[in-house]
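Handing you this structure, nothing more for now.
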Amino acid sequence: MNPLHVQLPGLELKNPVMPASGCFGFGREFSQLYDLNQLGAIMIKATTPEPRFGNPTPRVAETPSGMLNAIGLQNPGLKKVISDELPWLSQFDVPIIANIAGSEMEDYVTVAEAISQVDNVKALELNISCPNVKTGGIAFGTVPEIAKELTKKVKEVSEVPVYVKLSPNVTNIVEIAKAVEEGGADGITMINTLLGMKIDIHTGRALLANGTGGLSGPAVKPIAVRMIYEVSQHVHIPIIGMGGISSLDDILEFFYAGASAVAIGTANFVDPFICPKLIAQLQDYVDANGIDHISELTGRSWKVRGNRTYIGS
Amino acid sequence: MIKQELMTIVSQQQIAKNIYELTMEGELVQEMDEPGRFVHLRINGGTAPLLRRPISVAAVHQHLGQFTIIYRAGGEGTRLLSEKKAGERIDVLGPLGHGFPLEAIESGQTAVLVGGGIGVPPLYDLSRRLKEQNVHVIHVLGFQNQESAFYMEKFCDLGETYMATEDGSLGIKGFVTDAIKQFSVKGDVLYACGPIPMLKALEKENPADRGFVSLEQRMGCGIGACFACVCHPSNDPKGTEYRKVCSDGPVFPIGEVVL
Amino acid sequence: MNPLHVQLPGLELKNPVMPASGCFGFGREFSQLYDLNQLGAIMIKATTPEPRFGNPTPRVAETPSGMLNAIGLQNPGLKKVISDELPWLSQFDVPIIANIAGSEMEDYVTVAEAISQVDNVKALELNISCPNVKTGGIAFGTVPEIAKELTKKVKEVSEVPVYVKLSPNVTNIVEIAKAVEEGGADGITMINTLLGMKIDIHTGRALLANGTGGLSGPAVKPIAVRMIYEVSQHVHIPIIGMGGISSLDDILEFFYAGASAVAIGTANFVDPFICPKLIAQLQDYVDANGIDHISELTGRSWKVRGNRTYIGS
Amino acid sequence: MIKQELMTIVSQQQIAKNIYELTMEGELVQEMDEPGRFVHLRINGGTAPLLRRPISVAAVHQHLGQFTIIYRAGGEGTRLLSEKKAGERIDVLGPLGHGFPLEAIESGQTAVLVGGGIGVPPLYDLSRRLKEQNVHVIHVLGFQNQESAFYMEKFCDLGETYMATEDGSLGIKGFVTDAIKQFSVKGDVLYACGPIPMLKALEKENPADRGFVSLEQRMGCGIGACFACVCHPSNDPKGTEYRKVCSDGPVFPIGEVVL
């Protein structure tokens, strides 16, 4: 078996590298740049029951080694995603992870039920953590009981495994992670963006029309690594890690912290070829270092040396 | 096709107050067909400044495999860009977006090209291409003042050129729309690029029957994947329809999108 | 009055710029570089009842536009701070803000009672948010009731106004801010560091000996700005803002967000002359722009234009 | 006195595998008294890489107002540093810390200078100064291999020089302590700089009665204010006493601090 071949609930990944939700649309644009078949998976843009325009512009701002976004979950809505986007994506031999969002629990259930029946959708990713929607959204990801209940409800209707995407804007992320695990989550994806803000010096007002936005990119990497390190030691389900990854070293760091696969968000904007580049570098790395399987690296930072059993396995 | 290339700087020089002209060389130039498209520049290889900067193509020199941009050094990224020297390399992604349609006008007709500030550069490439098509070109260019004006001679060489500055230090005192009125500028097709207030004024004071405007918007990806740069189409101004400035634009027919 | 002269509870500041606690020791080293009389105030290194060595080294690591530290509250202890450091600092005409920390509530009370009696200590800063101490520390700053109680207890014994330093590692910082306000806090300082981690790619282990550390520097600025923006609209006490400041624009941004003064931490390591430099630039700025008083800038991002009354004033 | 100065690069060249020699010019050089002190370099003006990099002074050229550092380009900061060219400027803070005490040895006596890898550079400055004082110098230098060795001739010019490499490609195969044993190196005072395991071995295998070691530690401020770089003194190995490598060190008498 190729050392990069990773099996996660619902997912057979050629390699453990995939674009993160919202940074890759539904793949159409990047398909003009390279063959999407190279990707481990694709996390598509959040889908809500109804089409959404999202927030007014400006929607992005640059910060030191990071960026803020307040897209506001713009998407064509469940119907169109099922009728247009997913069929188009089915030409690629790549599992799709459908990121789903909403304002009410019912929204998640509606989207989950329908979208999980689509053939190439191999897993769901519950976006309970988007800081850019005013109702619902944020609370789902910060209150353990609600996160657990939402997970349960979605699990009941979903045809495919359910991953829950955690918000870093919490006091105790382990608590939330355990709650969604109890709720039946098959995996965790983390981290979503940190709530931030930039003020335009010339106007004295928020630069983003929405006021605040979600911080992503290299700046947040140390926070993502810390949270994955903590969570991976306390849950038994796998983690797809993300938050500032832009190099091979970053990927290794996320594995060492406790991730079983990784997703790349903001870096796609900086270098649109980053995913295939890092996949190739990772392949070279495991080959050159005689690594039997990439999963050996997962959690190395906290595993007792010489003792490979750990709570998360 | 969109390409990413480490292009080599051929020359860089300051041509007006805070305004730089930068010429780069590489294969990507072969893809530069339509005027008004833009490139997305990664200023350095580190993590800060993180995002690429969108800059219009100001002139394509196909025979040399070179192209020129003109930009204002304002923030961190453009300031760093302005410090680069000939021989250094820059990571260029492009050409991106849809430019000014050359086929929208016929030879013998008159094109009115209206630009404001750093909206002027793409009009130079456009004007050259229109001239090649035997289109009659009239330029109306607005700047803050004489110090920040550039390429005046080059535009004059291509056709009639009217100028307006906010302080009257060059051309008439006022805005491009004042110049259009004062000199009764008229033509068949309008091509405009500049700040939103200017474009809005032009929507009203359109010196042609039809026209095209180039928009600016803060961008993430620059290729249509992140939804950072959307605007509302005029036929659904409050709905969920949208256009992406980076990939559907930056040039739109006048009236297609809400300014 | 000089437009930079700022009055805050207990503090007469020549200007609203001061070094942040832990990034300036007790001022001795920087006094070799420039005249400390230029500073608005000095926030001294956290003082605990007993001397502490702190954590093993390495204690710092670099991250994209930021740094991690896990100093672990090393300090010479209350006795020596009172007998050696504060008397030495009394040669300068600069108010001292004493940052105090401990493992138990009693520790805070002990230090507060003694240190607040020292002449040049004009205010206390309760460090209820240091992520680098294993016991106590972190919880104090994340549970509103505990934060409130601690504030109350310290207020009872302190001879000078009490500022509480908030942790950004919480779900709802406004809740904590309100709690300490209710507890009697005279002001708030924010933000302390974000809990982060870096893994050494060569060993697969945490780079810091302590494992995790506190993230500071420009990377965290958008988070600090957002939090100050939120908190300043919900409390009636002033905020001394910090987190990634390294330029005049940054200072303005923090004022616009809602700060009444600012502190500079990590940037002192990058440019040891940063404090006097920015003070001079700020003076030039208010002079050049005819700003009557710097306090006009406070909260500009959320104040209704033309209506200068707001909840925080 | 500690100063901060934008110093001008006079020259930069690669002198071994990943090893660069960089010479800078400025007034700060006047403050460079004792060998073994270091400078704290800000590689660029942006926010990444954020922190300064501590690098030892390898040679002072007082009459030229210049000084030289020798460093390994490993991580992001030193890699960027290695790309700088003559004429560019670098923000230098220094000189920092306490160096090797010249007064610890008298003319006519023998100093043993032991260095490993990038611990070698400060010994060059030290050796030159000791020579000026008519001290007899013996060098024992260790490198990974021949490719990464540098300044061998310069050290040979100053005095007896023994070399050890891990693969035996230069000098003997082994460590500096092996060379010390094999060549029965002895002297009055030991001065050493290199990795901790080497310094520990030297504490045991000390070829002199007294000695000084230079330590490395990850630093924040570099001036003694942040407590990033502390170590335990030997007389209070588990207590609350401490020494700061940046301001009390980097050079300590052997036995003063726990390695």
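Here the chain labels run A, B, C and D in written order, and each chain numbers its own residues starting at 1.
Please note the rule applied: contacts are C-beta pairs under 8 Å (C-beta built on N, C-alpha and C of every residue); 3 or more make two chains touch, one makes a residue touch a chain.
Chain labels with UniProt names: A, C = Dihydroorotate dehydrogenase; B, D = Dihydroorotate dehydrogenase B (NAD(+)), electron transfer subunit.
Please read these numbers as outputs of a predicted model, since none were measured by experiment.
Trainee: What are the mutual neighbours of chain B and chain D in this structure?
Mentor: Correct list: A, C.
Trainee: Suppose each chain is reduced to the average of its Cα coordinates; what separation in Å results between chain A and chain D?
Mentor: The separation of the two C-alpha centroids amounts to 46 Å.
Trainee: If you average the CA atoms of chain A and of chain C, how many Å lie between those two points?
Mentor: So the centroids are 34 Å from each other.
Trainee: Using Cα averages as centroids, what's the distance between chain C and chain D in whole Å?
Mentor: The computed centroid separation for chain C versus chain D comes out at 36 Å.
Trainee: Please set out, as single numbers or ranges, the residues of chain B touching at least two other chains.
Mentor: 47-49
Trainee: By residue number and range, which residues of chain C touch two or more other chains?
Mentor: 63-66, 217-219
Trainee: What pattern do the touching chains form: line, ring, star, complete or other?
Mentor: complete
Trainee: Under the definition above, what is the set of chain D residues touching chain A in their complex?
Mentor: 47-48
Trainee: So in the complex, the part of chain D that touches chain B is made up of which residues?
Mentor: 46-49, 76, 80
Trainee: Residue numbers of chain C touching chain D in their complex, please.
Mentor: So the residues of chain C touching chain D come out as 22-25, 28-30, 32-33, 45, 51-54, 57-67, 69, 71, 74, 76-77, 217-219, 246, 266, 268-273.
Trainee: Going by the contact rule set out above, which residues of chain A touch chain C in the complex?
Mentor: The contact residues of chain A facing chain C are 63-66, 68, 142, 169-172, 194-199, 201, 204-206, 211-212, 215, 217-223, 225-226, 229, 244, 249, 252-253, 256-257, 297, 300-301.
Trainee: Which residues of chain D touch chain C in their complex?
Mentor: Against chain C, the touching part of chain D is residues 1-2, 4, 42, 47-52, 77, 91, 93, 217-232, 239-242, 247.
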